[in-house]
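By written order: A, B and C. Residues from 1 in each chain.
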Amino acid sequence: DNSNANTGPVVFGYAQITGSQQFGTNGPEGLVFGAHRIRLGFKGEAVPGVSYFFQYKWDGAWQSTPLNNTLGIGAIPGSSSGVQDAYINFAFIPEVQLQVGKFRVPVGLERTQYSGNNLLFIQRSMNQSLGANRSAGVMFHSPDLMNTGVYYSLGIFDNHSLDGNDAFNSGNVALPVGAGQTAVGGVLTNGSGQYLFGGMLGYKMGPLLNVELSGARAAAAKYTALPASKEIDSWNVGANGGLMGLKYMAEYSAVTSYQGIEGANAQDWYVALAANLHQMTLTPDWLDVEPAVRYESFRYRYGAFNSTLGNTTIGVNYYVNPNNPYAARVQLNYVIPNGGGAWRAIGTNSPASNGYLYNTLALQFQAGF
Amino acid sequence: DNSNANTGPVVFGYAQITGSQQFGTNGPEGLVFGAHRIRLGFKGEAVPGVSYFFQYKWDGAWQSTPLNNTLGIGAIPGSSSGVQDAYINFAFIPEVQLQVGKFRVPVGLERTQYSGNNLLFIQRSMNQSLGANRSAGVMFHSPDLMNTGVYYSLGIFDNHSLDGNDAFNSGNVALPVGAGQTAVGGVLTNGSGQYLFGGMLGYKMGPLLNVELSGARAAAAKYTALPASKEIDSWNVGANGGLMGLKYMAEYSAVTSYQGIEGANAQDWYVALAANLHQMTLTPDWLDVEPAVRYESFRYRYGAFNSTLGNTTIGVNYYVNPNNPYAARVQLNYVIPNGGGAWRAIGTNSPASNGYLYNTLALQFQAGF
Amino acid sequence: DNSNANTGPVVFGYAQITGSQQFGTNGPEGLVFGAHRIRLGFKGEAVPGVSYFFQYKWDGAWQSTPLNNTLGIGAIPGSSSGVQDAYINFAFIPEVQLQVGKFRVPVGLERTQYSGNNLLFIQRSMNQSLGANRSAGVMFHSPDLMNTGVYYSLGIFDNHSLDGNDAFNSGNVALPVGAGQTAVGGVLTNGSGQYLFGGMLGYKMGPLLNVELSGARAAAAKYTALPASKEIDSWNVGANGGLMGLKYMAEYSAVTSYQGIEGANAQDWYVALAANLHQMTLTPDWLDVEPAVRYESFRYRYGAFNSTLGNTTIGVNYYVNPNNPYAARVQLNYVIPNGGGAWRAIGTNSPASNGYLYNTLALQFQAGF
């Protein structure tokens, strides 16, 4: 488009309505209804070469007044809403594009290359707690370096992850805010000179194979927090691809000094397979179903705690319309954990915050535009 | 539409700006400005047979910083914002449609069949505090069973109403959340097996007559709350209709064990009439006015408290453009209460939370799209 | 448009991503990333003669969970989100239009005639803390009285400014809420009879000259707050204009009884100049740059405190596309304060809340639609 008129904005969004039940809790059990993700966004091209992306989330937002407020029970999680992404991309030089704002730190295959509405399973893998989710920063990147299939991202961010429950969100990393007055007109005026660095290098060889290697590092707190707080390092390698309806996906991640705690180390790996029977021409148009299975193992060690949590997820995805698969979809997952006992003892804010600790049935309805 | 392309999203919304003043308070009096409802939503068809509806509210949101925060005075109510509706509807079988998400519990004529932007009066009747507003759940329904005019809804919901100040929103109903770990990726993983059931059966015989019978039941808390907490039952019958500019509307509701309190019972009834002079061809196009009147009586009994609150509302509605009446409208109401003294004593969180306790003038400007 | 169909809604929005660093703080220093303003709005004509305007803000909303929550450090400011504007305008009589809702109090040239996305500098002048920002109310106005170039606004508002850190936002002004019950259905039912009055009279003589005179007054609290609380008076005079790429802008404001405190007085003045080299035909289309400079002086006196803060801002604005200048823009500002020492001592909530107290570099990326 060479015109001066802007294109867009395009509005996009989706909703995921869930039902879930655990088994073997030795307490009350039953289906509980809720919403997983509700998202709404605007994207477009402001002028040629400059594009914007804005996404708002109401995650778990199945209630106007968070349930815990209504019932006065702090143990029940409420909704989590906020600005998920807000960035501007300058693509004057396609091989060295500049992105500024709040967006994904380039660590992890599933975290950075899958949207919440096209995941193979209802929940992301536990792998995500070893990455840095999103943060505010500046990133250079190219999605396809001179048509070779090679892609890269290299970014500098606020010195912690802005979203919770992962390796980089902690009071043990150095504050991103420096000395003196800290806001004029709501804008922070000074940084600490301490940053989170993240980068990814990948190669996409058509639909059959996509591999990436990524990592991130955050500086430790110098003046506050634990005396033993250390810089956090995270490494990740992942691959995915498919052919004729078969899909595969695998990742391995390792973190040293999880959340800046010296001696706290975590590793995770998973392998996932899916077979779309309709794409294999085994089922008619009105029955676009896809069995899927994932095995994942998460390990965390700190002091006396040294445990592994396994999650086997068996799933079926049903796409209402094969020509627009993510516009309307139903997903059914059954998760079988092993080694959950040690993790139940340390509670839901453990490093494996995204893992299931009981046999669990989950059902999810999705609609989007 | 047989195409695979999705339709929509359609964006919709409206704003209601209000002014209000009480008389006879023996204290400072004057007009106060604010906003009643500000709503924005998206709806559409994701793929044929699957539709979505999303509505966000900023009610009372006439301020960025809630007034009580600014002035540090907790007695002044602030804004109430949140996800009002978020649901997906599957209409593959028109007579047995499946709706999942957060939406209205099918109890009450005005509550379920009137939107906030097409009410006859500025405020809903006090009747609404005897229903269950909205909750998260699953509902089977049909708007018109085989073209007979009969409609029904039958739903199962989280075991309390998610919005405040009604008969079902209480710590005395059983928790909807079961044992064990309660969230993975922000999604609740286990229910309590305790639910709120709601249903409505109705018949619409053209514009002249529409009648409905509806009810809901929620299980009482077993382990917490009042020792005497009981299951809540609510019944409602309503009718409305009209002819040639005349409109009528009436409801009766009764609740036993209001908010799960044994021995707390409430009843409400109202009759409303309106006469659209323009539809009666008594006024020209530029003067689409509609006088309206409603008499309502709300009774609540618990222990020594046994009082009735009456509200007589006299109103005039002015529609700027008869061809698009709810796009721009001005409403003027004057409310005369009787029996308000006993209710002033127990404060604004009483069961009749939607009733006026002083002679009050209210003025509302509405614009929508 | 004489049709009955409504026009719109038009969706509009913009994002401003910032980086900033102070110098000379004697502590950690570095760039800090964030977002200044993220805005999204809907506007349109509901029916002929009736229009609506709605704008939501996520200011400083570069994070889903405010940073201070994440890190548990109260001193770091978080995001500020809310309904920024929500009003309905009735233009049946063009010379006496009626606007109701929440909108800008008509005081101050920059505050009322510049949007956040077309400011000459990254930050508004300190002048804004001597006005009343936005409030809920009713206003009569005309943008151009019978094509003479004269414009006026005359409004009555809730008796304080609803947004923070200015002369009218204080617990020393009379409460806008009266006696008795204060909310029915979320709507305030009674005012105090105490209001904030604001008005502006201006004359726009083509692009060369625009002048305005404006003022506001709020009643003091009678029963609470400081014994010496007084009514607040604010006066403002401003002028701007330009020719062939040269732009100028100047304002003077004075407030007596700042925030209702007897004896607290503040004055502010600034002069700003900019030269758009592209409009002067000195640079080609791909280099639409604009050097700009502003000198501002803010003075506040209360008791023993009697100090002046000066801010000299040197800036360059780069517009990516001259035909759509505010769709994509980069701004670079360097601010040199003088007299900052006294203000550092009294902290960031001082009257000059929008002033810089250290030498500061600020960089801002903007994209809009």
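Throughout what follows, contacts are C-beta pairs under 8 Å (C-beta built on N, C-alpha and C of every residue); 3 or more make two chains touch, one makes a residue touch a chain.
Given the structure is predicted, the values throughout are model-derived calculations rather than measurements.
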What's the call on chain A versus chain C, same or different interface residues, using the half cut on shared numbers?
different
Fit chain B to chain C on CA atoms, both being copies of the same sequence, and give the resulting rotation angle in degrees, nearest 5.
120
In whole angstrom, how far does the Cα centroid of chain A sit from the Cα centroid of chain C?
37
Note the residues in chain C that touch 2 or more other chains, in rising order.
11, 80
What residues of chain A sit close enough to touch chain C in their complex?
4-6, 8-9, 11, 42, 44, 46-52, 54, 57, 80-84, 86-88, 90, 100-102, 134, 136-138, 157-158, 160, 162-164, 169, 171, 175-195
Show which residues of chain C lie in contact with chain A when the two form their complex.
11, 13, 15, 17-22, 25-36, 38, 40, 58-65, 67, 70-73, 75-77, 79-80, 122-124, 320-321, 323-324, 327-328, 344, 348, 353-358, 360, 362, 365-369
